[in-house]
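Okay, so chain A shows up in both of these, paired with chain B first and chain C after.
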Partner chain A sequence: MAAHEFELTRNITIGQYLPTGSFIHRIDPRIKIVAFTVLVAAIAVCDTYAGNIIALSFVCLLFRLSRIPVGYGLSGVKPAMPFIVILAVLQLLFYGEVASGGTVYLKYGVIIITSESIRLVIVSALRFIEIIFVSSVLTLSTSTTQLTHGMASLLKPLKHVKFPVHELSLIITIAIRFVPTFAMEMEKMMKAQASRGAQFGQSAWWKIVERTKDMFPLIIPLFHVAMNRAEDLVLAMEARCYTPGGERTSYRKLRARPGDYLVLLFCLLFSLFLIWFPY
Partner chain B sequence: MTSSALSVRNMTFIAMFVALTAIGGQVRLDIGPAPITLQTLVVMLAGSILGARRGLLSMVVFIALVAVGAPLLSGFRGGLGALVGPTGGYILSWPLAAFVTGWIVEKCAANGRIKTWQIVLAHIAGGILVIHAIGFPWLVMVMNLPLNPDTLISSLLIFMPGDFIKAFVGAPVALAVYKAIPSLKPGRKSNMA
Partner chain C sequence: MEKGLTVRKIVIAGVLGAVAILLGVTRLGFIPVPTAAGNATIMHVPAVIGGIVQGPVVGLIIGLIFGVSSFLNATIPLFKDPLVAILPRLFIGVTAYLTYAGFKRVSEFAAIGVAGFVGSITNTILVLTMAVIRGYLAPGVAVTVAVTNGLPEAVVSVIVTLAVVVSWKKLGNAGKKKSKISGDF
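Now for the complex of A and B:
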């Protein structure tokens, strides 16, 4: 196992918030979530070269506007790179029959490469990067608390059909809060075991019993930590008389300003433009 | 307050399993012929530890988080693209997998006792059968793979050793958790609150 595989915390970008105080940071989180959803949907539909280049320049502009270094977006793309490459290769090899239009460049057995399949490969790789970029801008410019508040506020109408909106947003907040904590614990345990000479999965794969035994020193402590933390949290919340269904007000009220609606309108128009862009 | 659908305890444990599923995806172990993550182990345990209903809920929340773009899947993937992509079926099957696992565990523990082999069986049924029954046809359809022995080996059988190891590893973990936190033990009335 390579050394970098122990570095879990460094790679987890969720919950990373970069307060630069730009105007994108100040947009109402509800507006940001809706605008983000619309943009992602438009990017997912857009399948032309020109449309994707426009979309890519737009998301790069978003980085500039939010004063977040593009490097943050790229570090989100880097771990996904092997996946993008594998997907591209598979599409290139096997999508020739599906996307059969255009000129045929190569035909060898079942492998058919056409101009259409090449377009598909490039466009889907671009889309992937664009979507990672847009979601990086969203999470880097909005704190987790703001995001969950925004989400809960958007889902409020569902309360009328007995959907547990508040409970759900609390679950999400707790879950996101504990992802980095568990990553840190896991990293500590893997390093601790490795320093004692543990070699995860080094024996041959048919030695199933040995391999099974290898996993216990990781799994048991992880669950032990998780369950202890859960118990502590439950006690802490119950001691403070927390009631899940209770009506509560929040310290910071969400308020969308006229400018925020303008941003939403612009994103809507831009998305429509991307969807119907003829080239 | 009784009007709430979930108690504080239930919400916290569901949230912990969402977080554990996220961590499970980042831990890669080269067990079996193909590299595996701990993610499906957590799915099995969500069923056997939380039970059918809460296990299902925790996986639904996890998928909702992935759908809105949180990079929680293995290889830091996330977003709707990952869910409808070639391997999306494997992920979308998790709520059902956790539910089936939990349901079997609850049935076996109806008299308040459960044996290790029963948990292993539940893990195999929910965590292996259900996941591959949904994930594999999805993969074949999305990728237009031919149904020949090669495909079966490269996308189905290769995962089996790792999956079975996980089903076995999960059982003592579940038993240890029942012992540590008796309220999570299946077959107890308070469990269903």
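Now for the complex of A and C:
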């Protein structure tokens, strides 16, 4: 069994944060979340070659500005690559009729390849890469604490309709915080079981029952670890007099500076430009 | 009596949500079944367990976390639709809780097992119904998927739910539950 099969933490990019202290890192998280949403929406709408190339270069520029190596973004694209390729091939072969118009390059039975369907394939692959890149810039330049604080602050108006904004953001913070911890626990358990002769994913793929049975020695202890950790955390929180629903203030106040609003304005204008870009 | 979310409810929802995300991102939560819809999943089990041990609200929140994470991780168009990926998942924990509450008087063990089964079936049926309504799958295909994916999912769900909840409840009865402030379930 290859060693990399035990390395669960390597595949988890969630909650990764690179504190390079760049100008993008210092933007108010609320502004970053709104700007991110606007950009993703614009990328999802934009369907021209030129527009997507501009968007892609803009996103690469974001990596430079935040001083994050582009490799981090590429590592997010890598696992999705087979799906992008399969999707592209399927679109290329069977979308000719839907995306009719343009020049027909090849017609063979049901397979029709037109200039329109080629455009569709290239644009959707580019779009996918752009969205992965933008989201990696967001998560790599903003810590999960900042993100959830930003989210909670943006959702604050919902408090008036008795929606438990603070509690929900706490639940999400706990969930994200514990993913890497459990991944490490899981690695430990896999190694412990394997050193006693257990084998994971070794049986052939058609032996579904075998493969399912292989999982039980991992999944059930995982739930136990989770429940025990939960009890510890409950105790720790109650020992510190945490009261759900209580009014609380925060040590760090989020404050947007004029520069942050300029960034937001720029992102808005850029998105409008992408949407209405004529070529 | 504390109303709304207690500390224990908040923490358990968060922790089981983490398990749901972990099962998704590490691909450990998938059972490789060779069918049209791809893999069967056991990622709904945390929602079932949360519903049984801490009530419908916690089940619903874990379902939401599971739905959002499956929506974000999705690589096939079917689950890139929030109406298919998120909405049906909200009900997993709720139906599991209702089943458990209904059967509890008969037998604790039977109630947990049946709740595991019902929670899993809720996921299968609602997701596939949504998929048919939104036009991703033909009704015939959906029925096949329900049998080939839904049944193994339900069996695994019953086994894991029983194993985890029974031992967790015992943990509580043996007085090992560390904090005494939050209301017992």
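Quick notes on this one:
The working rule: the second predicted complex is superposed on the first by the 263 of 279 C-alpha atoms of A that agree within 3 Å, B and C clash if a C-alpha of one lies under 4 Å from a C-alpha of the other, contacts with A are read in each partner's own complex, and residues count from 1 in each chain.
The rule we apply is simple: a contact is a pair of C-beta atoms (placed from the backbone, for glycine too) under 8 Å apart; a residue touches a chain by one contact, two chains touch by 3 or more.
What you are looking at is a predicted structure, and each value in this text was computed from that prediction instead of being measured.
Clashing of chain B with chain C is the outcome of superposition onto chain A.
Greater residue coverage of chain A by touch, when chain B is weighed against chain C, goes to B.
Once the two complexes are laid over each other on the shared chain, residue contacts for A:Ala80 go to chain B and to chain C alike. By the touch criterion stated above, A:Ile131 is placed in contact with chain B alone, chain C being left untouched.
By the document's definition of touching, both partners, chain B and chain C, reach A:Tyr242. Looking at the shared chain after the overlay, A:Leu90 reaches chain B, while chain C stays out of its contact range. Touch criterion met: A:Leu218 reaches chain B and chain C at once.
Once the two complexes are laid over each other on the shared chain, residue contacts for A:Phe182 go to chain B and to chain C alike. Look at A:Glu210: by the touch rule set out above, it reaches neither chain B nor chain C. Once both structures are placed on chain A, chain A residues 8, 11-12, 14, 80, 83, 164, 167-168, 170-176, 178-179, 181-183, 186, 205-206, 208, 211-212, 215-216, 218-220, 222-224, 226-227, 229-231, 233-234, 237-238, 242, 244-245 are touched by chain B and, in the other complex, by chain C.
Against chain A, in their complex, chain B makes its touches with residues 1, 3-9, 11-16, 18-20, 22-23, 26-33, 38, 41, 45, 61-62, 64-65, 68-72, 75-81, 85-86, 143-145, 161, 164-165, 168-169, 172-173, 176-177, 180-181.
Chain contact summary for the complex, chain C toward chain A: residues 2, 4-8, 10-19, 21-23, 25-26, 28, 31-34, 42, 45-46, 49, 61, 65, 75-76, 152, 156, 159-160, 163-164, 167-168, 171, 176-179, 181-182. If you check the complex, the residues on chain A that touch chain C are 8, 11-12, 14, 80, 83, 164, 167-168, 170-179, 181-183, 186, 205-206, 208, 211-212, 215-216, 218-220, 222-224, 226-227, 229-235, 237-238, 242, 244-245.
Taken in their complex, chain A has these residues touching chain B: 1, 5, 8, 11-14, 33, 36, 40, 44, 76, 79-80, 82-83, 87, 90, 94, 97-98, 127-128, 131-132, 135, 138-139, 151, 162, 164, 167-168, 170-176, 178-179, 181-183, 186, 190, 200-201, 205-206, 208, 211-212, 214-216, 218-220, 222-224, 226-227, 229-231, 233-234, 237-238, 242-246.
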